[in-house]
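Chain naming follows the written order as A, B, C and D, and within any one chain the residues start at number 1.
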Amino acid sequence: MSFFITSEVKKVAIMTLSGELDSLSSREFQAEIEKVAAESPKDLVLLVENLSFMSSAGLRVLIFSKQKIGPDLSIYIVKPQPVIVETLEKTGLHHSVNIVDEYSF
Amino acid sequence: MSFFITSEVKKVAIMTLSGELDSLSSREFQAEIEKVAAESPKDLVLLVENLSFMSSAGLRVLIFSKQKIGPDLSIYIVKPQPVIVETLEKTGLHHSVNIVDEYSF
Amino acid sequence: MESKLFPGTLDSLDPIRQYVKELSQQAGLDKKATYRLTLAVDEIATNIILYGYEQAGRSGDIQVLSELSDAKLTVIFEDKAIPFDPTTKDLPDEEDFNKPLEERQIGGMGIWLTIKGVDEFKYEYVDDKNRNIFIMHVDPTKT
Amino acid sequence: MESKLFPGTLDSLDPIRQYVKELSQQAGLDKKATYRLTLAVDEIATNIILYGYEQAGRSGDIQVLSELSDAKLTVIFEDKAIPFDPTTKDLPDEEDFNKPLEERQIGGMGIWLTIKGVDEFKYEYVDDKNRNIFIMHVDPTKT
């Protein structure tokens, strides 16, 4: 039997969001996205377990992320509260992001 | 309530190893480590589900990785076969690497 | 009618949400309904502030009126920003929502979430004021 | 005694392992015991090839002898590389193994895994040949 090896170096942007994300605080979120965009990550992992509110301003930043970083960006939303899942589903964004309990590959 | 956000961009080297890792094939493993070391990853994730043999030559490359990339490197060994876990345990390497079923953070 | 005045700036969003959350809890709305109403008022307040006042070069307040009666919690926003009727705005449709993120229009989701989130939504223009009216049905056994 | 000759180069490691795996299976060793013996022979063969031959500027073969008797599978490596008795080599101790990776010596684990892996390990130097002897206990009901 032989040996096979493949390798890849992947850049992952990890953000922890907590509290309430409205159109005021979404500016901070957007600024962070712009900051990490400079490094062209392949995955964007949002740890949102303690995020209790997200308005459409947060959704706008998600769409902005993909447009800024590129269509190959994979977005992971880790442990969102049920009300936030509802918002993602109502706006169809759940088709474009990965809603997960844990980021892994 | 307010909003808090922190962000980090993490480089993760992901390698998939399959077959048998002995002192001949460990040279390929070492070459891959040298290749990814140039990018200074923070995590080294070894997907070894289909690796059926690993001699001490493989262990040497693990130690080499940490010495080459730096002590902050976290090594994840994902889904090793039981015989390989035994080797890691017998040599105490299980203290220095994370043996997991899935890489996540 | 209870009434409370908030300045028409983004800083008011958080206190408006907290205020409406309290009204919801007093009315006995459950967690989900409370969140939907809170989200709806946040979206409409944002639009009044950003488009109705700021973008139009105006400034002003948002008056939040509320009433609990007939098994309904009614919250009314009154503002003197430019006239805008959200119910006449073209809403995105399913097709838009199924597009990949990178092809989607940024925006257009706020009014959609408002209208889908509350039990009834109405708009009136009365006495030179926009009146955005949010209504949630209340379980009378809970108040 | 069965016997098979392998050239003393790293290319032989794979065929040596496959050969010893077959012997183990014929002897009825279970999966774990088979792996441990295979690992042990791989480690010692590597050392003979790299240190006994290559590093010493020599070349030669490894003769693999085997015998199944007295409820034991015995595998013997004979080589004409420089004399080396693995049993006299200082083995790393628990303390070494508990050190953080970056402070550990690279190496020294091969002989340890060999000695810990097989049921008995012996070394002899006979007729100008190193003889590394690996013994696994066999469950006689299985052969």
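Brief remarks on what is shown
Criterion: a residue touches a chain if its C-beta (ideal position, glycine included) is under 8 Å from a C-beta of that chain, and two chains touch if they have at least 3 such contacts.
What you see is a predicted model; the values in this text were computed from it and never measured.
Inter-chain contacts peak for the pair A-B. On a Cα centroid basis, the chain most remote from subunit A in this structure is D. Note: centroid distance subunit A to subunit C, computed from Cα atoms, is 26 Å. Distance between subunit C and subunit D, defined via averaged C-alpha coordinates, is recorded as 77 Å. Each chain gets one centre point, the mean of its Cα atoms, and the points for subunit B and subunit C are 52 Å apart.
Centroid to centroid, with C-alpha atoms defining each point, subunit A and subunit B lie 26 Å apart. Annotation for subunit D: residues 14 touch two or more other chains. Shown for subunit B are the residues in touch with two or more other chains, namely 1-2, 20, 22, 53.
Touching subunit A in their complex are the following residues of subunit C: 10-11, 13-14, 17, 31-32, 35, 38-39, 42-43, 46, 50, 94, 96-102, 104, 106-107, 109-110, 112-113, 116-117. Taken together, the subunit A residues at the contact with subunit B in this complex read 1-22, 25, 28-29, 32, 35-36, 39, 41, 52-53, 102-105.
Residues 20, 22-24, 53, 55-57, 59-60, 62-64, 66-67, 70-71, 75, 82-83, 86-87, 90-93, 95-97 of subunit B are the ones that touch subunit D when the two sit in their complex.
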